[in-house]
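Should a chain be cited, it is by its letter among A, B, C and D, assigned in written order, with residues numbered from 1 in that chain.
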Amino acid sequence: MIIIMSPSATEEEIHLVQHEIEATGFRPFMNPGVERKVIAVLGELDVRKADLAEQFQAMAGVARVELISDLWKLASRSYYPAGSVVRVGDVSIGSDEVVIVAGPCSVESEAQMIQLAHQIKAAGGKMLRGGAFKPRTSPYSFQGLGEEGLRILAKAREETGLPVVTEVMDTHEVDLVCKYADVLQIGTRNMQNYALLKKVGTTGHPVLLKRGLGSKIRDLLMSAEYIISEGNTKVILCERGITTFEDSTRNTTDINAIPVLKNWTHLPVMLDPSHATGNWQYVAAIAGAAVAAGSDGVMIEVHNDPARAWSDGPQSLTPERFQNLVVRLRAIAEAVDRAV
Amino acid sequence: MIIIMSPSATEEEIHLVQHEIEATGFRPFMNPGVERKVIAVLGELDVRKADLAEQFQAMAGVARVELISDLWKLASRSYYPAGSVVRVGDVSIGSDEVVIVAGPCSVESEAQMIQLAHQIKAAGGKMLRGGAFKPRTSPYSFQGLGEEGLRILAKAREETGLPVVTEVMDTHEVDLVCKYADVLQIGTRNMQNYALLKKVGTTGHPVLLKRGLGSKIRDLLMSAEYIISEGNTKVILCERGITTFEDSTRNTTDINAIPVLKNWTHLPVMLDPSHATGNWQYVAAIAGAAVAAGSDGVMIEVHNDPARAWSDGPQSLTPERFQNLVVRLRAIAEAVDRAV
Amino acid sequence: MIIIMSPSATEEEIHLVQHEIEATGFRPFMNPGVERKVIAVLGELDVRKADLAEQFQAMAGVARVELISDLWKLASRSYYPAGSVVRVGDVSIGSDEVVIVAGPCSVESEAQMIQLAHQIKAAGGKMLRGGAFKPRTSPYSFQGLGEEGLRILAKAREETGLPVVTEVMDTHEVDLVCKYADVLQIGTRNMQNYALLKKVGTTGHPVLLKRGLGSKIRDLLMSAEYIISEGNTKVILCERGITTFEDSTRNTTDINAIPVLKNWTHLPVMLDPSHATGNWQYVAAIAGAAVAAGSDGVMIEVHNDPARAWSDGPQSLTPERFQNLVVRLRAIAEAVDRAV
Amino acid sequence: MIIIMSPSATEEEIHLVQHEIEATGFRPFMNPGVERKVIAVLGELDVRKADLAEQFQAMAGVARVELISDLWKLASRSYYPAGSVVRVGDVSIGSDEVVIVAGPCSVESEAQMIQLAHQIKAAGGKMLRGGAFKPRTSPYSFQGLGEEGLRILAKAREETGLPVVTEVMDTHEVDLVCKYADVLQIGTRNMQNYALLKKVGTTGHPVLLKRGLGSKIRDLLMSAEYIISEGNTKVILCERGITTFEDSTRNTTDINAIPVLKNWTHLPVMLDPSHATGNWQYVAAIAGAAVAAGSDGVMIEVHNDPARAWSDGPQSLTPERFQNLVVRLRAIAEAVDRAV
């Protein structure tokens, strides 16, 4: 519930409303310094909501009561207007720097991962990605190397100094993945796996939250709210394409999501053009678009031999193409007063 | 991988291909009695797939090799052309009977649930639904009564004899929910929570698998395949609306999914018009449409006082309206040679 | 603009607002007998709207002013709560009868059309459909027989007594099509061809308006409003599938549109399961669903030899299958207290 | 129909197939110099297609016959691999220059238009846009000034030298609009108004073809094919947002469409961020994304007083903001080796 006070409401009237919220067992939440006087009412709002709305509506100075229970609060831009920066080792996501994360879809072998990690670092990548636990549409597809994959990622970090982001798919695996990874990725299929969101919210680890294929931007923010409300504010959002009627690409990149998210939330925002297009030929164009649109980073699938990749080969760049991409992104970043 | 044999392929040629599949470490799978000779190759197909395709392509009698790794096999209609029936107590889902499942969105109290259960049974409902663990978009919304909710559902079953279906949201809770529930529901947000699918696949419990909001029919079948491939064949599919540009209803009922699923899979299919419309005024029309389209059941939200429901009030029927709905559905079921 | 009066507004206050609307050059529009006092302001609202809103907001008895210029008025259910019936010859669309319209996608020859018309009539069809001017995605596809096709349709009507519905694609052709057809069809691609809508709005001919593939229900109603506001109230709406991410069918039948439209507008509503599925195997299921959901009619593609149809063969029923369909629809119609 | 020849097919075999195509009344079409030998069969392919496919399949050297009637040919990249440039006065669309088109949604008055035209030119705009005939969802909305609007646009061109693009909505108006405009715009609602496409295809005027809200990229190309096949090759394509489930923006910018179109067609491509977002706050980000993704131009709504615009005010930039945008786009264009 959101209570909108009259522009002419007095401090006294506002305090009385806040007091009444507490008296009914909820938590009032009001951003200091915001021009429009809006009081968020936090708690299990579904119960007795109609009655409460009437009750508050009747109070002096109240202009309007909205029964909007689906609203992010702690993820809201108004909560932290300056924008938050998530630090992972030496990397600052949400700063002036545009962060390039790169790596293979799946970790396949130590030799491959170490080689790729060196190539990515040399080209200008700042963080490594690679799947150890893989969410595959088919149960018969390769499901990832599991803990062995995590071990390999940690080895690649040791050798290159690049922090590592990798997916965690189930509450059971969170502790294990935390032992090896710098950033926990919540994949598109688990964006609304609330048990998992709550669990990663109790760790101190940064979380990369990918948008669900069929999820609205507001739902992405509500999922971020699940993590933050458990005490973990280090959340990075990632647009990775949505499902639409257009079938010439694997998904439709919702490039609008970049400025919308920068407007609505203080959290840093990335874009994954590899999944958003599903076709390596389009990755450079869309990665550039992301940087021009204000993304705080991009996440690129790179593979030494895409034709033989165990997963997502068609959307993976070779290390050479990745190198060219970084050059291109650096130029675009500078054009919008940022750096790669 | 799918190997399509020539119409003129001999038994000998087919056997050689099957043998070669095993020799390369995969499992051949071929439905007996199917006219078109197609051999499914089960296993982790992503690895070395290109080479294998060439190898099989070169064998005598092979017409064509398709690298389709995302294909359901055990859920396929061709695997069990007669159609499977899932039995829950006295209820047979997938039979000539159209099964009506009803209950509140959330279990709120024992008194409410028992009263509703009696009303639902008297009206003609055959199974109870009710959420104890609730996946809510907002962390501040009511999250369900948890085990207490499960206990209440079991009590309602004891009093009325109606089997109970309820959602399980995390691998941690599967054993607990199995203790109380007759059917485990996998909700729309967890349709691709593969850890959870595998876990419920290891139980002997029937599973009601709801389609993801942004998931294609083929993805729903792949998720069913996850459950079946773990050994649990008692899977009921449920269409509950998809996300589209149309915003006059909460979701868009994909009524086409009913005949498509009946064509593609042997699994029974239900429809949930309450979530698919989000508006009680449209529930009767869409429930009737589901029965006319060949659905094996419908799942209806019923609440004794929708205006005060703790969740999903706007889409819940009163017990009186539910009673009228059953009368209507019975007439439509008879018109298509089935019974309610 | 919509002006919502206070529940306590006096008759005098309402009259003053209406008078002021006229004084500013607009037309007030208020449905008699509606409980909620809402005054629609008709006219070119875009100009000076912000000022006007403030002006009306300041008047006594006004609760709220909404700057909703995109709102149907004459198509609204509240304008004619009983529901309108469009009569075409002996056929009444919007009555207790569920009207079955059938015919080939394209008129191909006189012999074919006459034979089909007799078969359709014998089976229980009440109106003929057939394309003479065909909107084809490709300029290289068959574009229809043109006036010769119209002449053949008129001949088929003469022989069977069945009225004829056929598409008109351009303002230039409206007069010509009116000479032959009983009902003018506006196809999905022209739903927002406003010049064409206005032109058919000036004829006395009934219009069958098909929903655009990517158009919301509210846009369909606005297009109907274009026709009605030119003086032609004989508008029949037709749901024919929308474009979504689901690709197992040609389009996604928005079955929800049936009860939503019956709720929002007084105009009769039909459904075209042939285009909405794109697959004859699914036509019977979806046609039945439409009738169960409250559709006032269905529109079915029938062809004597679907495999050789010049267009839309895969979604056409044979006359035999059509005959079976009518039997099925009759049973479902009776189950919902209507007749075929 | 597409006939794919074997890699080993001889010249003789290819000639025989081409000859046979002509003998059956169709036109063979084969791009010289393309590695894969593919013969397009142009004509009314729907008729007798199954028979023909078998006939060609049986010929020597033919690898495969595909019954793809919905395929663009003259718009294909392979038809003109270098990419075509559409010249309008001094402006070259499809060249190294990124062309900025700007102007108000609707032409409102001569004074406004002239002033805006000067401001746009001074800021770096190269072409003027402005609606004289307006396709409005509601019949009660402002429908444009008509010929008076065209006259004003021509006056603005006279004063500034900037060419003018404006929408034409009906075949009746094409001659009139040609008298005043440099580029004919086909709006999103008329993308599949085939009578209109054919008509503008017979003029010598460049055409700006906007993608339909619910239209796939392949449908956009088929609509371009309608224009080109009438003899007019001066077609510019324009992405302007598609309809999806995301509702935080008016439409969803399909940024992927830019590289897909550059890959599939030789025609120049623009993007309209004003309609694609519906919110001026997001226009700069998405315009920049378009340039970074390889768009040949952008189309921006500019209004001297957006709050009082007669249409589309919320998505219009002020002249000052437009000036800043051009500076930003120039930097991004240079970063990708182009110029503004």
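Rule of thumb we're sticking to: a residue touches a chain if its C-beta (ideal position, glycine included) is under 8 Å from a C-beta of that chain, and two chains touch if they have at least 3 such contacts.
Computed from a predicted model, the values in this text were never measured in an experiment.
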{"item": "B-D or A-D, whichever has more C-beta pairs in contact", "value": "A-D"}
{"item": "Chain whose average C-alpha position is farthest from chain C's own", "value": "A"}
{"item": "Centroid distance [mean C-alpha coordinates] between chain B and chain A, Å", "value": "30"}
{"item": "Distance between the centres, which are taken as Cα means, of chain D and chain B, whole angstrom", "value": "44"}
{"item": "Between chain D and chain C, distance of the C-alpha-averaged centres to the nearest whole Å", "value": "30"}
{"item": "Where chain A and chain D are represented by their mean Cα positions, the distance between them in whole Å", "value": "34"}
{"item": "Multi-chain contact residues (two or more partners), chain B", "value": "214, 216, 242-245, 247"}
{"item": "Footprint of chain C on chain D - complex, ascending", "value": "42-48, 50, 69-71, 73, 135-143, 169-173, 189-196, 198, 212-216, 219, 222, 225-226, 229, 242-243, 307-308, 310-311"}
{"item": "Of all residues in chain B, those that touch chain D in their complex", "value": "214, 243-245, 247"}
{"item": "Residue ranges of chain D in contact with chain A within the complex", "value": "214, 216-218, 242, 244-249, 252-260, 262-264, 276-277, 281-282, 285-286, 288-294, 328, 331-332, 334-336"}
